[in-house]
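The same chain A turns up in both complexes below, where it pairs with chain B and then with chain C.
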Partner chain A sequence: MVNLTIDDKQVTVEKDATIYDAAKSAGIKIPILCHDKKLHPFGGCRMCLVEVEQMKGRLIPSCTTPATEGMIVRTSNEEILKARKLVLELLLLKHPVDCPVCDAAGDCDLQNLTYEYGVSKNPLQDEKFRWEIDYINPLIERDMNRCVHCGKCARICDEIVSFGAYTFINRGIDAKMGTAFDGPLDCEFCGSCVSVCPVGALLSRPFKFKARWWSMQKVKTVCSYCGTGCQLTLGVKDNKVLTTIYDENQGFHNGQLCTRGRWGYQFVNSEKRLTTPLIRKGNSLVEAGWDEALALVASKLREAKGAVAGLVTPRLTNEELFLFKKFFTDGLGCESIDHSAGYAHGALTEAAVKGLGQGASPSVIADIQKTDLLLVVKTDAYETHPVLGFEINLGVKRQGVNLRLVSDKKGKLSRLPGAQTLVHTPGSEVTLFNTLTNIIITEKLADAGAAALPGYELLVKGVAGYTPEKGAVATGLGADELTALAREYAAAEKALILLPLGLGYPGHNATLAQALLNLAILTGRIGKEGSGVLFLGEKNNSQGAVDMGIIPGAKGKDAAGIIAGCASGEIKALYIAGENPVVSYPDRKKVEAALEKVGFLVVQDLFLTETAAKADVVLPVCSFAEKDGTFTSVGRNVQKVTKAIKPVGTSKTDFEIFNKLFAEFTGKPLYLSSQAVFAEIAESVPGYAGLTWAKLGSNGIVRPVALSPKFVPVESVVSVPQPGKFALLTGSALNHSGTLSQYGEGPMMVCPEGYVEFGRDDAKKLGLIEKGTVTVTSDAGSVKLQVKLGNRLPAGVLFAPYHFGVNSINTVAVGAPVTWVNVAKAE
Partner chain B sequence: MSHAPAKKVATEDAPAEEVDLTAANQIIDKYLTLPGNLMPVLQGIQDSYGFVPPPTVALVAERLNVYPSQIYGVLTFYSQFHLKPRGRYIIRVCVGTACHVQGAERIVETFFGKLGIGHAETSIDLRYTFEKVACLGACGMAPLAMVNDDTYGKMTVQKVDDIIAEYNQRPM
Partner chain C sequence: MLNVASPLINGLKITLQHLFKKPVTLQYPTERPVVGPRFRGLHALNRFHDRSKCVACYLCPTVCPAKCITVEAAEDPITHEKYASRYDIDILRCIFCGYCVEACPVDAVKMTENFELANYKREDFAYTQEMLTDKK
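And now, the complex of A and B:
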C-alpha cells in the first residue's frame, strides 16, 4: 500500500494505483478526456494535469503517473486551471462546436468540460478540419472533424475487442483516427468505440436525431439475447426504446456490449410487432379480442384432454417459466414440456445432472480471468457469447491466461497471443476428450482424489480404447499434439473448460459435455476457483429454464418427441411460447409437417414468426423491455429485468397469460406479481433458497450450486465422412442470437441473410466468389445460400449460421453434429 | 497552414493485376522470429517492390498477427513508405530556405509543367516521381535538384529541360 496526500487529504491506495486512481478513491474529481478505467493509461489529452510537490517545475499527468509514498498532490490551483483551460482552447480550435446538431450533446465530455471551465472565448484561431464523414457503414457514423484524438476507440478495439479496426493514421496536422487504407469502417460493429468516444465523433446511426440525451429516461435491465447476462441501460422516450446507453459501471463487463446487445434493441418497438390476438378463420389469421382468444385456447386445451404439449423459449423470465410449468403440471396434468433442451441444452439437463448432481455450470464467469489454462471447445465461443469473448481476450492479454482451442475451424480467438488452436476433424470432439482422459489416466496425471470418486473404474475401462494413436486417427491431430494438450491441461494449476451450447451446435450435446466433465473431474477441477467447466447457455435465460424445470417429466416427451407426437396425432394440442421450431429446430420439413398436423396450435410471440403463421391462435406478448422478472445467466447469475416501457399494442406479458390460464385451470388465485412468484421460486427451487427480490440488487446474485462429481463414461459416435461431400457445420453468426435478432434492425443491417462460408481453396476449386450463390444439398433437402469466403475453414468444411427464416439451414441440417452436403454453383 | 482536404487512398488505387507475394513471403520468413519485425519487413517489401502494395499489407497482417489498420498507421506515419508505385526516376527539388530565396518555386513550377505531374505524384508511364523536399543539405548549391542519387546544383529553368531530356533517354 502507498500513502500520499491529495488536496490535504490522506489517501492510501494499492501499489499499482495512479494519482488519478488515488484521487478517485478519495472522492476527488480530476477531469479526464482520454482516460478510461478499462484501458491502459494513455496520457494523451493533458486534462488531468496536477501539481506534485516533489516534482515541481512542471505539471504532472495524473492518469499515467504512479502514486508513490509521501507524494503531496494538488489537483487544483490557478496554474493547473490555466493549463487545463489551454488544453480545451486547443481542442476547441479544431472542434466544430456544432453541438445543436450533435447527438452527443449532453453526453459529451468536451462540452461538459468546456462548460465547467468556462471556456467562452478562444484567444487562438485556426481553420477546422475538413474530413469526409463516413456514412458508408450502416451503424457507426464517423465524423473525424469532431475527434479530439483521445485514441480511446483504437485502444478499446485493440485491448478489449481485439479487432483493431482503428489506428492513428498520417502524421502531424493531418493525423486522424482512421482504418486500414483510410477506407470505410468494416468491423464487428460491437460499437465499443461509440460507447467510449468522449465527443460526437463516433455516433450510433440508428439513433441519429432520435432524442436529446437529457430527454430520455434511462432504465437498467438485462440483455435478452445470449446467455452471458450483460447488463443494459435502455434509453426510453415516449414509450419507445430508442437506444442502448453505455454505463461503464454496469455489470462484470463494465458496460461492454456486443453488436447484437448494442444495436439489436429495435425489435422492441418494431413495426412488425403483433398488437392484437389472432384467430385462424379458414386460411387466414383474423384479429380478435383477448377474451375470445383466451377462451378458445382454454376450450381447445380442455378438449385435448391431457394430450397437450408445451414448448417454451428460454428467453422468458424465471417467473414466467415457473408459471408455465405450474400451468402445465398442475393445471393441465401434462408433463410434455421442453425448451429445446434435448437439442441444445443437454449439457445442462443431462450431463451436468449425471456428472455433477445438478443441471448447472460448476464455474462462474469470473473464473475466465482467474484461470491459468483456458480450454475452449470451438472458436465459435466468440460468436455465441461475444462479451465472454472480450473476457477471454482480457484474460489472455492482461492476466496471462494460456488459451487452448479445440475446434473444427480457426477463429478470432485463434489469433490471441500464445493461443494454440487444434483444428480437428469435424464431429470428433468426444473422441478428443476421451483421448485426453485416457492419456491422463495412463500417464498417472489424475488428481489424487479422483480414484475414490464414483464411476472411476467404469471411466478407466470406458476410455481404455481411446489411445493417443487411435485418437489421432479419429481427430486428424497428431498423437503428440493430443498428449501435449493432456499434459498441459493436467499440469496447469487452474484449468477451465468453456463449452458453448445452442441450437446451431447439435454436436455440443450431453455426450460431449459428459466427456469434458469426466476430464475436469479426473483432474480435480470441480469446485475450485478459476477451474472447472462453464457451459455457455445459448439464450438469456437458458440456465433459468433448466432451473425452473422446463424439461419433460418422467412420462413426458422432449422437444423431438413432441414434434413426433404432433406428427403421429398422439399430441392433440401444442402450446408454443416464444419458440420458433420451424426455423430453429432440426429438419424444417418434419417440423412444418408436424405443426400442420397437430389438432390445435397456439403460439404466443412478439412477431408473426414462421411458426406463428401456422397457429390456430396467436397471442401477442411483451418483450423483455415491457416486463419485470429475473433471468439466470451463464455461471448461475440471477439478475433482475426491469420494465422500461408500457406493453406495445394490446400485448400482454407471458406472465399475465400463464397466470390467467393457471388460475383458470387450477381454480387457484392469481399471483399478484413477479415478486410473488420469485418468492415461491426461492422456496422451491434448489439453489435459489434465501434469495429475495430485494437482495438481488442491481448486479444480481450468483446462486450457489451443490456438486457431487461422478464419472459417467461415454462413447463417441463417429460421423463417417461421405466421399466427395463437404462437412457442413452449423452455428451462430456474430451479429445474431436465435431467431429473435432477425427483428432487430442493427443486426439485419450488417448480416441480413443466411450464408455458407467456404475456405478460400475450396472456393477457388469450385469457382465460387464472395456473394455468389450456391445450392447446398443434403439427404434431407436443399437450400440456396449466399457464398462467404474466409480463412478459417479447413479444406472440405463449410459453415452456415442458423438464425434465418428465409432459406433456413435446417432445411438441410437435421440435427447431426456434421451434415454431409453437396454444393453446386447456382445460376 | 493548410490541411489536406478529405482524401481517400483506397485500395482501388492499387494496380488491378495481382501482386506476386513470393518476395514478400521471403522477406517475412527472414524476419519472422525477430522482435519488432514490422519495420524491417515493411522496409524490405518497399525495397523489393519499390512501394508497399496493399495486398502485401494483408499478408503481413496475417503472418505477423498485426492489425492491418496498425500497419497502415505505420506506413502513413513514416514518409519513407509509399503505397503507390513510384517512378523509375525520383526527382526531388529542394524548397528549403536557401533554395527558396534562390527561386526554387520556379524550378518546381517548371517541372510540374514539363512532367504533367504535381508534388508526390508519379507519371502514368512510371518513369518519374516528383517530390518537393525541405532540405537536401547542400545549401551552397541552391537551388538544388536531385534525380535518384545524382545531384544538380545551381538549377535554372533551362537545366530542367536538359534533365528531362537526359532522363527520357535512360532505360526504364
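And now, the complex of A and C:
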C-alpha cells in the first residue's frame, strides 16, 4: 500500500495505482478524455494534469503516473486550470462544434468539459478538418472531423476485442484514426469503439437522430440473447427501446457488449411483432380476442386428456418457467415438457447431474481470468458467447492464461498470443478427451484423491482402449500432441475447460460433457477457484430452465420424443412457448410433418415464426424489455430483468398467460407478481434457497452449488467419413443468437442470410467464389446457400450457421455431430 | 361644505378633459395596434432553401416549460444532414415565454407580431412545420 496526499486529503491505495486512481478512490474528480478504466493508461489528452510537490516545474499527467509514497498532489490551481483550458482550446480549434446535429451532445466528454471550464471563446484560429465521413457502414458512422485523438477506439479494439480494426494513420496535423489502407470499416461490429468514443466521432447509425441522450429514460436490465448474462442499459423514449447505452460500471464485463447485444435490440419494437391473438379458421389465422383464444386453448387442452406436451424456450424468466412447469404437472398432469435440453443442454441436464450430482457448471465466469490453463472445446466459444470471448482475450493478454483449443476448425481465439489449436477430425471430441484421460491415468498424473472417488475403477477400464496411438488415428492429431496436451493439463496448477452448448452443436452433448467432467474430476479440478468446467448454456436463461426443472419427468418425453409423439398421434395437443422447432430443431421435414399432424398446436411467441404459422392458436407475448423477472446465466448468476416499456399491442407476458391457465386448471388463486413466484422458487428449488428479490440487487447473486463428483465412463461414437463427401458442421454465427436475432435490424444488416463457409483450397477446387450459390445435399434433403470463403476450415470441412428460417440448414442436418454432404455449384 | 365639493369638481374636471383627448381604446378590428419590435406572437420558422432552417437539435422542446413543441429528426438521404421531419407546436399549451427562440442555436425559430390566434376548433391550434415555415 502507498500513502499520499491529494488536495490535503490522506489517501491510501494499492501499489499499482496511478495518481488518477488514487484521486478517484478519494472521491476527487480529475477530468479525463483519453483514459478508460478498462484500458492501459495512454496519457494522450493532457486533461488530467496535476501538480506534484516533489516534481515541481512541470505539470504531471495523473492517469499515467504511479502514485508513490509521500507524494503531495494538487489537482486544481490557477496554473492547472489554465493548462486544461488550453488543451480544450486546442481541441476545439479543429473540432467542428456541430453539437446541434451531433448525436453525442449531452453525453459528450468534450462538451461537458468545455462547459465546465467555461471555454466560450477561442483565442486560436485554424481551418477545420475536412475528412470524408463514412456513411456507408450500416452500424457505425465515422466522422473523423469530430475526433479528439484519444485513441480509445483503437485501444479497446486491440486490447479487449482483439480485432485491431483501427489505428492512427498519417503524421502531425494530418494524423487521424483510420482503418487498414483508410478503407471502409470491415470488422466484427461489436461497437465497443462507439461505446468508448468520448465525442461524436463514432456513432451508432441505427440510432442516428432518433432521440437526444437526455430525453431518454435509462433502464438497466439483462441481455436476452446468449447465456453470458451481460447487463444492459436500454435507452427508452415514448414507450420504445431506441438504443443500448454504455455504462462502464455495469456487470463483470464493465459494460462491454457484443455485436448482437449492442445492435440487436430492435426486435422489441419491430413492426413484425404480433399484437393480437390469432385463431386458425380454415386455412388462415384470423385475429381474435384474448378471452376467446384462451378459452379455446383451455378447452382443447382438456379435450386432449393428458396427451399434452410442452416445448418452452429458455429465453423466458425463471418465474415463467417455474409457472409453466407447475401448469403442466399440477394443472394438466403431463410430464412431457422440454426446452430442447436433449438437443442442446444435455451437458447440464444429464452429464452434470450424473457426474456432479447437480445440473449446473461447477465453475463461474470469474474463473476464466483466474486460471492458468484454459482448455476451450471449439473455437466457436467466441461466436456463441462473444463477451466471454473478451474475457478469454483479457485472461490471455493480461493475466497470462495459457490458452489451448481443441476444435474442428481454427477461429479468432486461435490467433491470441501463445494460443495453440489442435484441429481434430470433425466429431472426434469424445475420443480425444477419453484419450487424454487415459494418458493421465497411465502416466499416473491424476490427482491423489481421484482413485477414492466412486466410479474410478470403471473409468480406468472404460478408457483403457483409448491409447494415444488409437486416439491419434481417430482424431487426426499426433500421439505426441495428445500426450503433450494431457501432460500440460495435468501439470497446470489451475485448469479450466469451456464447453459452448447450443442447438447448432449436436456434438456437444451429454457424452462429450461427461468425458470432460471425467478429465476434470480425475485431475482434482472440481470445486477449486480458477479450475473446473464451465458449460456455456446457449440462451439467456438456459441454466435457469435446467434449475426450474424444464426437463421431461420420469414418464415424460423429451423434445425428440415429443416431435415423434406428435407425428405418431400419441400426443394430441402441443404447447410451444417461444421455441421455433421448425428452424432450430434437427430435421426440418420431420418437425414440419409432426406439427402438421398434431391435433392442436398452441404457439406463444413475439413473432409469427415458421412454427407459429402452423399453429391453431397463436398468443402474442412480451419481450424481455416488457417484463420483470430473473435470468440465471452461465456460471449460475441469478440476475434481475427490469421492465422498460409497456407491452406492445395487446400482448401479454408469458407469466400472465401461464398464471391464468394455471389458476384455471388447478383452481388455485393467481400469483400476484413475479416476486411472489420467486419467493416460491427460493423455497423449493435447490441452490436458490435464501435468495430474495431484494438481495439480488443490481449485480445479481451467483447461486451456490453442492457437488458430489463421480466418474461415469463414456464410449465415443465415431462419425465414419464418407468418401467424396464434405463434413458439414453447424453452429452459431457471431452476429446471431438462436432464431430471435433474425428480427433485430442490426444483426441482419451485417449477416442477413444463411451461408455455407468453405476453406479457400476446397473452394478453389470446386471453382466457387465469395457470394456464389451452392446446393448442399445430404441424405435428408438439400438446400441452396450462399458461399462464404474463409481461412479457418481444414480441407473437406464446411460450416453453416443455423439461425435462419429461409433455406434453413436443418433441412440437411438431422442432429448428428457431423453431417456428410455433397456440394454442387448452383446456377 | 367646501371640502365636500372640491374633490368632486376636480374629478369631473379630469373626466371633462378626457372628452376632448384622443381615446386610448382601439376600434379593433378596424383599427390596428402598433406592435412592439420584441413582441412575442405566433412562432415562425425561418426558411433555408427548400425547407425550414431547423436542424432538429431538440433544444426548444427540452427548454419549453409548457412542453408544447414536438420535434422529430430525420436524415437527408443525399446530404446526410439532420433536419426536422416534424415540428409541431400546440399553441393552446404555449405560454409565449420565448425560451424556444432563446435556445435555438441556428436562428430557426422566431416569434412574429401575429397575435390573432382565435379559432373555432381545437385541432386548428396545432401548428405544423408547414404552417409555421416562412413562405418562399
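One rule holds in what follows: the second predicted complex is superposed on the first by the 827 of 827 C-alpha atoms of A that agree within 3 Å, B and C clash if a C-alpha of one lies under 4 Å from a C-alpha of the other, contacts with A are read in each partner's own complex, and residues count from 1 in each chain.
To be clear about the criterion, a residue touches a chain if its C-beta (ideal position, glycine included) is under 8 Å from a C-beta of that chain, and two chains touch if they have at least 3 such contacts.
These numbers were taken from a predicted model, which means no experiment stands behind them.
Q: Would you sort A:Asn170 into first (chain B), second (chain C), both or neither based on which partner it touches?
A: In the superposition, A:Asn170 contacts chain B only.
Q: Quick one: is A:Gly471 in contact with chain B, with chain C, with both, or with neither? Answer first, second, both or neither.
A: neither
Q: With both complexes superposed on chain A, which partner does A:Trp131 reach: first (chain B), second (chain C), both or neither?
A: A:Trp131 contacts chain B only, not chain C.
Q: Tell me which partner A:Pro100 touches in the superposition: chain B (first), chain C (second), both or neither.
A: second
Q: First (chain B), second (chain C), both or neither: which does A:Phe181 touch?
A: First partner only, chain B.
Q: Between chain B and chain C, point out the one touching more chain A residues.
A: B
Q: With both complexes superposed on chain A, which partner does A:Pro801 reach: first (chain B), second (chain C), both or neither?
A: Neither partner.
Q: Using the touch rule from the top, collect the residues of chain C that touch chain A in their complex.
A: Residues of chain C touching chain A: 55-59, 62, 73-75, 80-82, 105-106.
Q: Touching chain A in the complex: which residues of chain B?
A: So the residues of chain B touching chain A come out as 1-6, 8-11, 54, 57, 62, 65, 67-73, 76-77, 79, 83.
Q: So in the complex, the part of chain A that touches chain C is made up of which residues?
A: Touching chain C from chain A are residues 99-101, 105, 133, 135, 208-212, 214-215.
Q: Residues of chain A touching chain B in their complex?
A: Touching chain B: residues 126-127, 129-132, 154, 158, 163-171, 173-174, 178-183, 415, 791 of chain A.
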